[in-house]
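Below you'll find the structures, each written out as structure tokens.
In the two complexes below, subunit A is the common chain; its partner is subunit B in one and subunit C in the other.
Now for the complex of A and B:
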């Protein structure tokens, strides 16, 4: 039997985030039941499981397959891990002819393969762009990971993040006093740099705007937060951050859809608490998709608008005092902006305005390749695989020659790409968020 | 999870080799973790960083922001990496007995 490449959460850990650990004797029956429920509640999944003709178009479009050369990472083969079981129980030919019709019993080995390979899919959706039928393997992966989690099977990494989210409202587990201390540090940094007092308000009552940054912006990527704070200051916004939802990332989308819904409700509750008419999401790819696409799905109509910080920047950068930065910059399109949330031209508009030499990598926009860390594959123990998943991205960047900055406006990309570039031998490239550059370009007063 | 015997005391570690319970930390543990993190000797500079991390952790329950750590200790990031080759969030936190920072880091 193959061994999944990540640490798995133990019973006590699974229960700590409110999931039952299904006993081994009941596992396969329950897995079948959950698949049945999933196909009935997610019609798109059924269409994708019924449709594939194995044309093979997706193989050369998937960085996971290209990087690992593992057959099960070829998108059609990955989806087949679910499709074969689906056929066995839910189609007439599968029920009658079994493996002759490409059907397979749900057994322990299948579950192990699910865990192994659905966690080597970055849920980037690039295969869907090239599939003649539009089959989106990310949807199959999302469904498979959801089913696994309902059985009590999940990576320790996802479980650890869920624990922090329950305790603190952010993935890193920052308690409110640490958040306030960090915000004050950033205010001091801005004051030192510019001589201007710019606030990073935490839990300010009666705010028109709720900003939801990534918690990594309060740890490693503070220039992203500083850039956003400078822009809000210059726009004269009455804004706040909530210490109860200091997290744009929504790992629920990446392992359990009920957890995603809880996260979305948290945003809604906090926005209502502060009276916000606008929620601005910070630089995070999948979190943007979760917030933009599924907030109303989780909570019904909401009394505020949801925008991305790069939308706000693109709409306003022309009229704000700024200087042109003299640098050669390329842009990485995070998957969930380019293929999941329509943040495509906004970052380009910003870059053309604030730097003098913006170059596109090839391919780009909705055809861009993932960083290799997408869908939360940031666990240390998967580093070798992650580097293989990031190989395509390295090649894209290297092809551009000398660069001064690599704009990667998503926290997962910011965690993954410095390691990828160094792994393949590029140690000098500076990289980080796009709001980081906005902050450096703005002339604040 | 695994356990390690350091100077006659069994201590539990998590999957990434970090302390399971921060209360188990002592100077012997720091010396043990140093051997796991390519740090040949814990110098005065290492201890300056370790003590800073521990004080911050005791006050706030988490690791400090990387830039704050650099500013408050006076070590530029490059030197932090020279002291702790796997970086501030991994090697330095492990040796100082903090939990592993998680999330998008």
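Now for the complex of A and C:
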């Protein structure tokens, strides 16, 4: 029996976020039932499980397989972990011909493999770009993680974030007073740097714009937040941040869709509370996908517009006073910006405007490789695996030679890539968000 | 036995094929798409979406981004198959004189028909053989393969080989009687199948293939369209336009402490 590489939440932890822990004797039956419910509720899951011809084109396109060389991390094989039991119970071919047609009974080992390998998929969707049918293993992974969580099986890391979210409205667990403190600290920083008063408003009533940053922007990535605040100031926006949802990163999308919905509804409710006509999402990859692609289904219809901070920056950077930064910069396309969320040319436009030497890595845009931390695989105990998942990214960056800055406009990338670069021996490269550079380029008044 | 094979089985095969494919596609379409899964960059007009789908269908453009060798053989196999199906339809209907329509003599048309048929047949067999070789020689793909994957290839090869054998030197196949027989099937008054055994085997295998098709991975033909249209769906618009409501039954109401 294989051992899953992450710590699993215990019964009382699972119950603390409102999930029942399904007793071991009932696990398989309930898993089957939940799989049935998922397939009937998600067309993508059904079609993607029934359409694969096993051509194997995805093997060489998956950084997870390339990095770990573990057969079960090859996208078609990963999906087979679900496809085989799906066939056995829900297709005529599987019922009639069994293992001849690749159908298998659901057993405890399968469930353990689900936990092990669906949490080594970064949900980056790169396989879908290369699959002749567009089979998106991320859909299978999302469904598998959802089913696991419904059974009470989830990484403790995800559970911990869900607890923080319920208690504080952000993944870091920052309470409101700390948020206000940090906002004031950032205001002071800007004042000291520029001599100009720029507000980072928290819970300001009657705001036209609700900004939803990643909570890490109030903690480790404050330059990203400062960049956004400077830009909003220059645009003269009437904006605010809500202390009830200081979090773009919707971890529900990464382990349970009901939790995703709760997170999404928090944003919608706060936007309505402040009377916002526009919600701007900060630098967070899957958070952007959740906001852009999932709001309609989870909380729709909604009365406001949803934009990404990089869209706003790309639309306005030309007309805002700025200086060209003299640096050689490359861009990492977060998977959920490019393939997942249509933010492809905007960061390029920004970089061409504000730096004098922007170089593309290869491959880029929709063919870019994931950082290896995607889908929330940031738990410490998975560091070794995560480094393997990030190997491809390291090679891509290394191939560019000397760089002054590595733009990684996503909080998970920001947590993962410094470790990856260091792990493989590049200790000097500066990296961080793209709004960080916008903030440095803007000449504020 | 010949009565069953010639006058009953073809109707069963067509019925199972049509009903089976329809049933599976309907089952897919009955399930909602709770959230848009547009794969970007995606065209934003319906003409653009149709063009993107056509490009995928005709050139396998996504597959081509990856392994070019796989792309070539897969594409060759499908294009040969398309030629073979079209060739059967016109070749049998016009008794290989279809190219007289573009000004050829009857003899030249028959020759042209045979040449194209042989090219497509060889293309198909070569491509299938290469795909089989690939399935065996690439370790990940071999491990991924089940007996059914080999069975599919074997069935297609058997259909192809029996078909090609009818063209072998010294083998005479009475195309006029075949047309008469197939015509009688279509007119729902099936005639006795007094035909060459090679044709009978070929025809029988095609019937088996049609019955097998909807329940095997060959259904990828239909899955292609359903899957691709999900990936090409227009991205959501905010504020939500009036009347837009998505069926998100995957979400259920849960009480949170």
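Definition applied: the second predicted complex is superposed on the first by the 445 of 445 C-alpha atoms of A that agree within 3 Å, B and C clash if a C-alpha of one lies under 4 Å from a C-alpha of the other, contacts with A are read in each partner's own complex, and residues count from 1 in each chain.
In this section, a contact is a pair of C-beta atoms (placed from the backbone, for glycine too) under 8 Å apart; a residue touches a chain by one contact, two chains touch by 3 or more.
Keep in mind the model is a prediction, meaning the values are calculated, not measured.
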| item | value |
| --- | --- |
| Contacts of A:178 with subunit B and subunit C, given as first, second, both or neither | first |
| Larger contact residue set on subunit A - subunit B or subunit C | C |
| Partner chain in contact with A:42 - subunit B first, subunit C second, else both or neither | second |
| First, second, both or neither for A:214, with subunit B first and subunit C second | first |
| Contacts of A:321 with subunit B and subunit C, given as first, second, both or neither | neither |
| Subunit B versus subunit C as contact partner of A:92, first or second or both or neither | second |
| Touched partner set for A:412, first subunit B, second subunit C, both or neither | first |
| Partner chain(s) touched by A:132 [first = subunit B, second = subunit C, both, neither] | second |
| Residues of subunit A defined as touching subunit B within the complex | 7, 10, 156-157, 160-161, 164, 170-175, 177-178, 181-182, 185, 189, 214-216, 218-220, 222, 249, 284, 378, 380-381, 411-412, 414-415 |
| Of subunit A, residues touching subunit C in the complex | 16-19, 37-44, 46-48, 50-61, 71, 74, 76-77, 80, 91-93, 96-97, 99-102, 125, 128-136, 139, 146, 166, 257-258, 261-262, 292-298, 300-306, 338-342, 344, 365-367 |
| Residues of subunit C that touch subunit A when the two form their complex | 24, 27-42, 56, 60, 62-63, 65-67, 70, 74, 134-135, 138, 140-141, 143-149, 151, 215-217, 219-220, 223-224, 226-228, 230-231, 235-236, 238-242, 244-246, 248-252, 254-257 |
| Subunit B residues within the subunit A interface of the complex | 1, 15-16, 59-63, 65-68, 89-90, 101-105 |
